[in-house]
Amino acid sequence: MQRPSGRSVDQLRKVTITRQFTRHAEGSVLVCFGDTQVICTASVEKGVPGFMRGEGRGWVTAEYGMLPRSTGSRMGREASRGKQGGRTVEIQRLIGRSLRAALDLSRLGENTITVDCDVIQADGGTRTAAITGACVAVADAVSYMRDKKLISDNPLSQLLASVSVGIYQGEAVLDLDYPEDSAADTDMNVIMGESGGFVEVQGTAERAPYTREELNRMLDLAERGIKQLIDIQKAALAE
Amino acid sequence: MQRPSGRSVDQLRKVTITRQFTRHAEGSVLVCFGDTQVICTASVEKGVPGFMRGEGRGWVTAEYGMLPRSTGSRMGREASRGKQGGRTVEIQRLIGRSLRAALDLSRLGENTITVDCDVIQADGGTRTAAITGACVAVADAVSYMRDKKLISDNPLSQLLASVSVGIYQGEAVLDLDYPEDSAADTDMNVIMGESGGFVEVQGTAERAPYTREELNRMLDLAERGIKQLIDIQKAALAE
Amino acid sequence: MQRPSGRSVDQLRKVTITRQFTRHAEGSVLVCFGDTQVICTASVEKGVPGFMRGEGRGWVTAEYGMLPRSTGSRMGREASRGKQGGRTVEIQRLIGRSLRAALDLSRLGENTITVDCDVIQADGGTRTAAITGACVAVADAVSYMRDKKLISDNPLSQLLASVSVGIYQGEAVLDLDYPEDSAADTDMNVIMGESGGFVEVQGTAERAPYTREELNRMLDLAERGIKQLIDIQKAALAE
Amino acid sequence: MQRPSGRSVDQLRKVTITRQFTRHAEGSVLVCFGDTQVICTASVEKGVPGFMRGEGRGWVTAEYGMLPRSTGSRMGREASRGKQGGRTVEIQRLIGRSLRAALDLSRLGENTITVDCDVIQADGGTRTAAITGACVAVADAVSYMRDKKLISDNPLSQLLASVSVGIYQGEAVLDLDYPEDSAADTDMNVIMGESGGFVEVQGTAERAPYTREELNRMLDLAERGIKQLIDIQKAALAE
Amino acid sequence: MQRPSGRSVDQLRKVTITRQFTRHAEGSVLVCFGDTQVICTASVEKGVPGFMRGEGRGWVTAEYGMLPRSTGSRMGREASRGKQGGRTVEIQRLIGRSLRAALDLSRLGENTITVDCDVIQADGGTRTAAITGACVAVADAVSYMRDKKLISDNPLSQLLASVSVGIYQGEAVLDLDYPEDSAADTDMNVIMGESGGFVEVQGTAERAPYTREELNRMLDLAERGIKQLIDIQKAALAE
Amino acid sequence: MQRPSGRSVDQLRKVTITRQFTRHAEGSVLVCFGDTQVICTASVEKGVPGFMRGEGRGWVTAEYGMLPRSTGSRMGREASRGKQGGRTVEIQRLIGRSLRAALDLSRLGENTITVDCDVIQADGGTRTAAITGACVAVADAVSYMRDKKLISDNPLSQLLASVSVGIYQGEAVLDLDYPEDSAADTDMNVIMGESGGFVEVQGTAERAPYTREELNRMLDLAERGIKQLIDIQKAALAE
């Protein structure tokens, strides 16, 4: 089996994380997983949604979008169609849920961090890139809040990162690009923390059901890939 | 550890599947997982969505809803709010995607089966009950199509069923009801086919990340539960 | 003239009212007029809409929906189309208006009762069944409020029930089922209270205009039918 | 009992019908019932809605709106709120349904007449004025179609008109203006044809239920009022 | 070059401004530029939008609409399509912005004037007619506020009026009607105040770009036309 | 008078145009006017909107959006609010209209070019930057079409560019950044073609009306600025 990109089965694409990519947001990151490019901003706002008011805890939420021509053929702009598609809703809920698992909301005060992940160019794995980049943007937003004395303790319990794995032509592979993704039998997105625990596992049989052994092989690859991604996050944050 | 319901950790709630529950639909099932009650109908219509026309293949899609007072406090009616919520969208996409994995769409002709899963009463696990019931409704719709000579071959490759598992008070438990679900550390929905393969695994850390061992214990429970559910499906279909 | 169902012109379908049909709502009723089956729940919530705040009076409102496959061919789900159709809006306004006429809102305190009428299976007369069932659900919700000492006086002035009448093949008939309804020259919905007064009369010429005599014959039938329905309501409430 | 306007109980407000009020529509009428002023246009378009195509029959439909400041305090513009309110939907369905009862659609060819009723100034009874004016606009549109040889036979079976009646301070009164309408115990809208038959009767108890005798007194008034309205329509059409 | 209407290049259509056109609004004007007829109402309401609260300043905003059959062929009703079109949004923003430039909002107290411009009949230049009429309606609303002692100082700094100019068959012409507007090379809308300054200039090349000389010739015509319009406004306000 | 940026009154910000910024679109440009950064893509699709079908002519349209955190404080995402704001609609209509003035649509065949302008970072003048960048993206899309033999003649008549001018602290200045824009008395956007003609002029008095002399001074600056912008466009296209 030969991957279309020539990568080995356990090889990530070239991953880069550029901080302070735009100037207004408290955290602003351009994350690239190969040709997949996502701008992740983290915005700090006072206050929390109504259902949380008065509890002294903060909130983290996420929104996701794709530029209409981030893809091979133009997709209709969700703002002009008047609603977000099901895939968009699914992804942004995943991003928000994951990030909340990385934070101790009781240390955030009654503040909201809104993460926006906007895909500039898509080549498979936009949600895993988005989560990986968003976590760094949130780390920067948290630093901003501590610098400005908005909070005293660090609410970020640990870094988390995400990668896709799948069964492509019978073999488990790491970090699928679009040609692999569109031909894979199984597509799984894994989100893990620095500590090595799972935050989310979502594995879908696109063609035939997958076995427990295949599941295990995919998880092995994911664990290794996520360790590397967290190293890249740390290197970016150290700059 | 004592489960609120007194069940053992690997014990399903009482599951019943009533076929021909309403009279108009080609497949109509009331599925109960304990106090969770879902009406699943499968409607057969000629034609497929535009993007599939002319390929000779069929389509299966699903929609999900909850009656406003299926829950402890009344939820706003999505029809009057003018949009389906994110959770609804996520669940109905999961149901449709799973069912398509159970069918050979090329044997369906250019027909669409639309599955509607409407929750009458909720007590945790509505999506797993919905998938388990919907699969039986689809089996009935397929029988209808064969009886009416709309199709000749059987497109249903295998039955599939779904159950939730989770980590509740440190232990892996099967088929969480609402009191468990709202207190669990991890919530995982598993969909498997008769053949024993995974169609979908979705595991979310609600509080702390979960370990590989916890994941494995949850999957063990899910495999056992789903075998029982498929037996219940088969018994219902044999009536 | 022979009615499709073989009923006499002044004969109701078999009507059943099942209380405590689901477990969460303060009032929960399954009402059946023959094959027409509607779940009616009454939910009690603190507070009233903004325009009524501070007056010390309560509010009653209603929403109506049909499960997509409650009918012979599948109807699009209103939640996914993003708006309620004109017929839905018309019916739910009728239900709410009627129920408010049965209650002394000044005895309700600043509480809102929201009635949800969801049609599980349709065979003509869904709105009249809904009103008849909803009134019982409201009676149960009112009992709940008195038991919980949320209110002291009984706000329910009287029971009310509803039935359809029509001119079918030249003759006035009571409680039309779908085959009659779709062929009738005139379709009239009548809502009356225990005291014998009219709460609402809506009569529409579907084909030719109807005469004053036809109107009178229909109203005679309706009066008799509604008396029987109120007896059935009372029997259900006595259980 | 003294009516606020000083009218006798069976007295219409001053009613005027101005044809050719605007220049583009095939039928364009300004109808005034006292201070209630409605522009009714009838637009002829080729073709019918999809569900009727190929049957050789025509269609008549109606839309209703109120200018935001046609009323005492400004109402939000429905176009900017993004949806029509329940009352609007209810009224425009009533107008369309009534007008279809006045026409033999099989004589209309596959053409659609769309009636727009826009309230310029409101003082009670906007729906009855709208129907009364719209019928004249449709008559003009039908004449236009016959002049242009779009149709050969006259599809307009008869004129129809509409008026409100009610129980105001214990007495039945004809053609309620806003001060009466907002204080009436019962409000009934009646639509009748030239031939004297009922096209629609809608009577709502706003406070206490109404008796059969009150219903009869209201219908007597309505019959007399509608005869006068049809004379005014005929006079307008004769100009 | 001969204009379709026979007017000279610098000749306005017959312009009339009728005050107190409807009875409910604080300012109500029917403005006609030839066959273009627009009802402009100005409604005074207590309070300002959230973002301005507590500053002691007022707000002026505008909404614009066309009756569906104000035009040669029927346009879909924006309220039933569920959104305002781009042209509508553009025009109502222009009207609101312009009127705000005519008022000293600090003299308006925390009150809002909402202007509604509804086109009854269209023949080109609806936005310029709307602005010209709306300014008179606002003047009346301001007088009402001073009479009622809602404000003490006059917030209306000056009258402003608007007219279209264009390049039609190579020549600059004033106040284009629909036949000219639809054939013009350039279409420019100019809004000026009594003092002779520009409030807004919007000139669009419909076919070929226009030169600085053409721009100057159009502005010369516009200045002259607007002076006449302001005289007509003053005459109307003097009645 | 000192500009906040220290620029002279007739000095543009640093303008850069990067072609082939993303890989999927037929034309893809990153345009920067100082800190204002906009991604402009031009997508070529077969076919034209329904109202143009069969005429053999092409169509050009534009959509505009801002990333939620392109601005100093986060703006709500239009896709999740379910509608585009008035400002967005106004700008995208302006972009589309302008570009159509630069193209001979009859040379485009029945193809549509959709331009997407997405603001990554905003610092004033986003619409003028968008138009300036979009024109280059369209030029690249046209080259693509000619290379692929989709069209034979060049439909692009001329390049066009856009810049803002305004009256800031009493003086006319070129290319306002955000601090100037938010404090300017007058804000004018000018679009001109290579040939020197005006495609669009939009000048709005933000505070006091502006005089004819001020208008002329602004246009003089705009003419000069646009000449420089067209030189920058040509240099980028020559690379």
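Residue numbering begins at 1 within each chain, and the chains themselves are lettered A, B, C, D, E and F in the order written.
Note that contacts are C-beta pairs under 8 Å (C-beta built on N, C-alpha and C of every residue); 3 or more make two chains touch, one makes a residue touch a chain.
Being a predicted model, the structure only gives us computed values, none of them experimental.
Per the C-alpha superposition, chain B sits rotated 120 degrees relative to chain F, a value rounded to a multiple of 5.
Work out the mean CA point of chain D and of chain F, and you get 50 Å between them. With centres set at the average Cα position, the gap from chain A to chain D is 58 Å. Shown for chain D are the residues in touch with two or more other chains, namely 82-83. If the chains shown are joined wherever they touch, the resulting network closes on itself as one ring, and no chain has more or fewer than two partners.
Contact ring, oriented from chain A toward chain B: the chain order is A, B, C, D, E, F.
Residues 22-25, 28, 35, 37, 39, 41, 43, 45, 63, 65, 67-74, 77-80, 82-84, 88, 114, 116, 118, 120-122 of chain C touch chain B in their complex.
Within the complex formed with chain D, the chain C residues making contact are 83, 86-87, 89-90, 92-93, 97, 101, 188, 192-193, 195-205, 207-212, 215, 219.
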